[in-house]
Structure formats: C-alpha cells, structure tokens
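Here the chain labels run A, B, C and D in written order, and each chain numbers its own residues starting at 1.
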C-alpha cells in the first residue's frame, strides 16, 4: 500500500446524497455525532478507506482479532420523497501528516463524486476552553446563501473569534468548493480537553432538523462512554506497544 | 490535490513583466510591502496557487464563508511606455516543508515564465534584533551589474554580516538564475519580532523609485493593522481549532 | 536507491511456506526469537531487503568491512511430510517513518506471495513494565479460528488491556489479511526496557510446538548477549559518528 | 526542481578516475581535507549538484550575489602514467532528510559511473570526544583486500569501538559496493565539537601517499579559518534570516 485506497464492500445506488463527515477531532464532537447518527439510522457500511499515512499499527479488537486503522463509509436511503440519501464518513483516525490530509480528502471527494454528491456537512468541535451548559453550534459555509437555511435551526454565524477549521472538517469543504459542492461545517461549542457528548447532541439537533431525520438522542451518553473506551485503547496502544525501535525523533533512545 | 496547482482566473497578456514577491516572512515586511502596492496600484488578481504543503486547514472569512490557504498572483499594466508590467505574488503562507519550498517556487517560475518574465524582485525583512528609526534597505542580487542600479536609491550592499535568504525570497532568485531571470532581494531592516510597516515603507520607497511608480504610503500603518488582525486570526486558528487528533510529534497527547 | 529493493541471492522453491517475522521491536523479543530459530534450524539466506527509509548509514563489521542496513530472508525446508517450509524475516532495523512501514511491509508481502505463502507468524514483545519469572505469550489473530489452535500451547487471548501492535509485527498481519493470508502475532511478556531472551524463549516454545520443530533453547542467553553487543554498536554508531551536519530538527546546532 | 539535479558545466574525459568525497560532517574533517586537495592540485570544476532536500535558502556571497546551496564535482588529470585521474565531491551541505541521503548518493554514483569510476575514497572524522596531538586515521573498507594496502600508510583498522559511518561518507561506499565499486572511508580522529584542520592533515597524508600526490599542507590552517568563516556565515544565516513563518515544528510560535 503506497497510496490511499478505498475498498468498496457493497455496490449501492444513491439519490442526491449528502456527505456527513465525523472523524476524530476536537472533543471528538464530530465523531460522536456522526457515529450516533449511523447507529440510530441503521446506516449500512459500503466502503472502507486505508492510508499509508494512518498510524503504522493494527488495532486488536475485543475478540483478539486485528484490523487496520481505517475510515468507513456508510449509506442511508431516505424514505421521504423530498429527503436526500446520506453518506457518512467516520473512522479511527485522520492522516498523520499535513500533506496526507489533502491527499485523503481528495480521495474522499473523488469517491463521493461518483455518487453525484452535491453537498457536504462536516461536524466538529469549537474549542472555548470552558464547559457550556447549552453548547451553541457555530457554522461556516462555502457560500453565503446557506447561512439563512441554518440560522433557522439556531446555528450561530459569528466569526468575530477569527477561527479556522483544520483537517477533514475544513479541507473537505475547501476542496469540495472547487468541485462545485456546497458545504457547511457545524461546530459544537466544547471545552476542548474532554470527550463531549453534549456538544455532539447540539450538533445532531441541527442536522436532524435540517434533514428532517428521526434520531433518538438518549443513547448518546452511552455512546460517548464506548468512544472513550476505544480512544483510551488506541491511546494506550500508542504508549505501550511494540513501536519500531528507531523512531525519527528519538534516535538517541534507540534501545532502552 | 497531490501537487501544487495554479488556477488561472483571468487570461491576461503582459509586456515585459517583472515579478514582485511579498509572501509572509520576517517582520511580514515583504507581505506588507507587496500587498500595499497591490492595493495602491489597483492591481488585478489573475491566478491562485494552492499546495498540499500549505497548512491543512481552511480560513473562515468575516462573512462566515471558508476558503483554502492560498497564494495569489496580481497583475498591473504599465501606463508609461518605458515601464514594465508587473506581476505580484502575495499570499497567506509558504510551504510547510523545506522540499515544498523548492517545489512551489519552481511552479511559480514555470508560471511567470509563460509571461516572459525576465526579472524578479523579492521583498523581505533583514533581522537586526532592535528597532530602527530609519530602516535601511539591504540588497542581494543575482548579478553584480544590478548593484549599481539599486545603489542609486540607497540600497546597501554590504554583506559583512554573512546572511543568507530563506524561503521564496531566496529560492525564486536562486532558481530563477538558472532560467536566465535576473533578480534582486530587497530586505528592510527590522527587529524580527514585530510586524513592521516602517520597514515595508523603506522597501516600497526603493521599488517605487526604481520602477517609477506612483504609490501613496500614508495608508501603510492602517494596512499593517489589518495584517496584524489576519495574522492573529490565523495564529489563533492554529491554537484553538479542531486539529486532527494524532499529530506526528505529539502522539503522546493523543486525546487530552 | 529511491524505493525499497529486494535482492534475491539464491533461487529457491518452497512448499506451503509460513512467514515468521522477527524484526527489532519491544525488548528485541521478536528479533532474538527469530534469529535463534534461524541459527538452530540452520536456515539459509536467500534474499536481502534495502530501503531508503532505513538509517542513512553503513554498519562497520568486526573485520572493518562496511555493509548497508538491511532486512534478510532465510528459508528452511521441512523434512517431515506434513510440515510447512519456513521463511524467516529478520534484520537490523525497521523503516524510519510511519509511511515507510506500510511501503516496506507491502514489499515483503509481494515477495513472500511469490512463494505462495498463506500464513504469517509475527513475533514481538508485550510491554508490562515489570520483570516476569515465567513470561506469558499473548496472541492476536486475523481470524478467530486460529485462537483454538494456539490456546493449546498456552497462548493467552485476553485483550482486556486494550493494546495494539505496531510496525511490521502488526502491519504484516493487517495488510496480509486483505491478500488472503491468515496470521498471528505472538507477543512475549516483557519489561519493555531491556533485551529479553526469556520472553524470546517463551515465544519460541509456542512456535516450536505449533510447527513441530526441534529447536534447542540453551544457547539463547548467549545469543541475547551477541544481540546486545550489536545493538549497542548500532546505538553508539548513532551517537558518535559522522552524521550530516544539518539534521532537520537541530538546524540551530549546525556546527557544534 | 522536484528531484536532485546534476548540471555538467564542462565535458571532460577521465582515465580510471577515483572519487574522493569530502562533504560537511564531523569536525568538518572530510570537507577541509578534500577542499585543500582541490585547491593544492588546482582541480577544475566540471559539474554541480542541486537538491530540493538541501536547505531552502540561498547563500549571499561576499560580493552581494546569491547562489543556491550546492555540491560540486572537480576533476584532476594525473600526470604520472600509473596514476589515476581524480574526481572530488565537495559542497556546502548534505541532504536534510534520511531518505534524501540515499537519493543524492545514488545520483552521485550514477554520475561518476559515467566516467567508469571503480574506486571511492570517502573522508570524514572519527569522534573521540577529546583533542589528539597526533590524530590517528581509522579505516573501513568494502572488501578486506584493501586493508593491507592502507595499513602501510598507518591507517588503523580496529573496529572494537563499534562505530558506523553516516551520510555520504558511508552510503557512497555501501551503495557503490553493489555497483562493483570498491571503497574506503578514512576517518581522522577528532574531538567532534570543533573544526579540525589537524585531523584533516592526517587524512590527507594517507591519501597523498596512497595516490602518490604532491600536496603541500602548510596552508591548511588558513583553509580551516576560511571554512570556519563560511560555516559561521551559514550558521548565522539559519538563525537570523527570513525563514518562512510557519515551520512545521514551531507552529505555535507562528508570528512572534
């Protein structure tokens, strides 16, 4: 594997799909929100993405089987006539290098373009450094017309804080723009140092109303707990286990 | 996007253009100077450069729309018969890796070569570690003949300090040399730790006289303030917002 | 040399070979175990692997000749009718960058696939932070059916600790999976800060029984000592000898 | 420039040339020695090597002209019938990344192979951490037969210290070996923290006798001083001048 690869595991045909991205990021808000939606909507997996810029490790599952780090694509078929089908992008990690972020996002866009995706919703956290009782949802868009549509659902468009959007949540919008895809990033207000199911809830509330989806939210705290477990496993994995003995920046600690 | 891309947004025909580069660097002297000239000369944008070695983020503009990090090309048509047309290269950032600096500069030179550019003026700061009331402008050239031309306007050619020139301000000259382009780097004396509109003014004074341009300078302090705002936004962006969770050098701080 | 290269030094024909990997890693458990087996079984070298992502150095042998850092392939022909032939992968080092790990492992799999390898056993250490009198052997597999086969020999499948497997020991399994190769990683319980021949012994015990091999173990402590010498040579090499003068992360210490 | 480039500046025809490498390294022993030989033998430049893995900067010469970082090839035609012609490889720097070391050395070998080079002598320092009144010269070879030839001139082949050889001085030998080139690295005993003309002298003494060259040595201290100046210029260059504003590892110090 010398470049990013997407393996299609199920051929599907989708109607006006919208891409919803929720990869690991600040407060794991996007990941929690997207994974909760996948679960509640019973979305089905149809493709997996692997990259040589993911951590060079395998994950050991609870049943002692191993698997590669990956991103996954799930689809959901709308029942309502006016609804869009959905593609979810979730996963364990993002690319390790700045350049790989561009590469992986370009691959994702190539892939969803095959399904004639015209809109992208990316989900993330907005770090404020303190806990919020009722986390607001901040928005940033690829064209101004979208602001009105989302203000209806309480999204705050107020960039006096001068923030930007990093990694997939940002690049998918920026790179999608030049392909004629419109997009919005919904960012749940979050502390920044904790996994934040509350912020994820706020974000889902917006998506749910905008897309007229029926999604229960009471399970989200449990979901948050599961996520915390997985993350702590991955974290430990990185600390304890057999790394190659000569990592670039620690060549002086070669052996012990 | 796997490599640097230049998107032409307007087809133009230019007469003996000179490339003037002012990307972010020491004291933001080059950036301030070139952007001020673009504004005062009402130069028009005709191309944008994107690179997978720019930061993997999007910038949120004040109107809540997002855009990619980019470099921009502006052109200015000379009115005087003896004057050269000008191409300005300005932008948000430079390549993140040493190798990408070579790649991006080579792409820039390929591009301006299409317009038969024969001369390059790069603008930057010359760090002295203290504030100067009347910042001098230091010069370095690709051939000695140019020294006389610029000494007239007070440029100091005195390399006893043994400095070099990093990034685009240096590489465009070095790489341009082997393509038969002559060039000069004009470096405004600057502290090195502050945004320095005064040094930018000194640099513009030289360019203005050499190219016989009419450029007002009184707005530059205001421009400096705007630049400071943008930079502080970008800076904050890098500190606060949703970075991917596993940056290479901080894998131990994976989650919190 | 711009990419990983495998040089075949002897043409061999193998019957249902199993790949056994033991490259440097935690406690050098895998390296010690695999090299001991190579020696005791009198396995023969048939190929060498070189990579531009190995350390940019040569090793000086005791007779004052130099050689490149390398990985080596050894083969062993089974005498028993029901036994599998074996391919051993051992070596000085692993790739220096995350991405090169994927690249090198893919090259290894391409190579052993030529010999119709259907199974992979990777050997490593499992860090516990303390010394164990009787080190356990932990296992992780690519499919659940293998668990039963290895439980027989005392391998513990108990992933409550939430570990992962880094570098070749993990990636060969993960990448092999999508090529239809089954695999297991056997990890000897080890402190993590010392070379551990005891853990290597435990790992060999399992492999030996599973593959019905006749391997003496009494030499292993001597082997451990030799390994320690080699590693300490390599370690010193990295500290004392003529590194290029401008390593990326220490550009400020350019000369002294 | 996306890859290493070698520009031939003069077509020459050489008889059984030997490559002598002296690039920057420990104590600048190799660089000092090779440059002194180039000067004393009045060797002529015939090619230059540029790489996108050299520092992304230009050097300002004393006459205020700029030039790229480079390596240079010089040739010397033997007058004696039995003597070999010589190719010298000297320069400002080596590649910044481990991988680029392999790439650049492979390019060098491709180049000298065109001239049917069959032997390589690389020059470097051997760090001992203290000053030596009469620095010994240590050797490492690609085949044992060469040991006898060089022992005659006092070269010590005694690898009990367990050292290796990094960068071009090592890789040229290792990579040359598989091309059928024989080679030796001559390492002058040096402190490791200072520029060391004495060690360079010792190294030249060996080369001189082995190749029956007439080279004066009294200028070497002066040469050392010049080298010190150049290096200190380069060093300062790296500290003071206009680096791009967002280096990878200091993104948090973005602006001031």
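Definition applied: a contact is a pair of C-beta atoms (placed from the backbone, for glycine too) under 8 Å apart; a residue touches a chain by one contact, two chains touch by 3 or more.
Since the structure is predicted, the reported quantities are computational estimates derived from the model, not experimental observations.
Listing every chain that touches chain B and chain C alike gives A, D.
Think of each touching pair as a link: the shortest run of links from chain B to chain D has 1 of them. Between chain C and chain D, two chains of identical sequence, the interface residue sets overlap only in part, with shared numbers making up under half of the total.
With every chain reduced to the mean of its CA atoms, the largest distance from chain D is reached by A. Centres computed as Cα averages put chain A at a distance of 50 Å from chain D. Our note on geometry: chain A versus chain B, Cα centroid distance of 35 Å, whole angstroms.
Residue positions 55, 96-98, 232, 234, 238, 248-249 of chain C each touch two or more of the other chains.
Every pair of chains that touch is listed here: A-B, A-C, B-D, C-D.
Interface of chain A with chain C (complex): residues 1-2, 7, 52-53, 55-68, 96-97, 229, 232-234, 236-238, 240-249, 251-252, 254-256.
Interface residues of chain B, counted against chain D in their complex, comprise 23-26, 28, 30, 55, 93-99, 101-103, 106, 124-127, 139-144, 147, 157-159, 161-171, 173-175, 177-178, 185, 187, 192-195, 231-232, 234-235, 238-239, 249.
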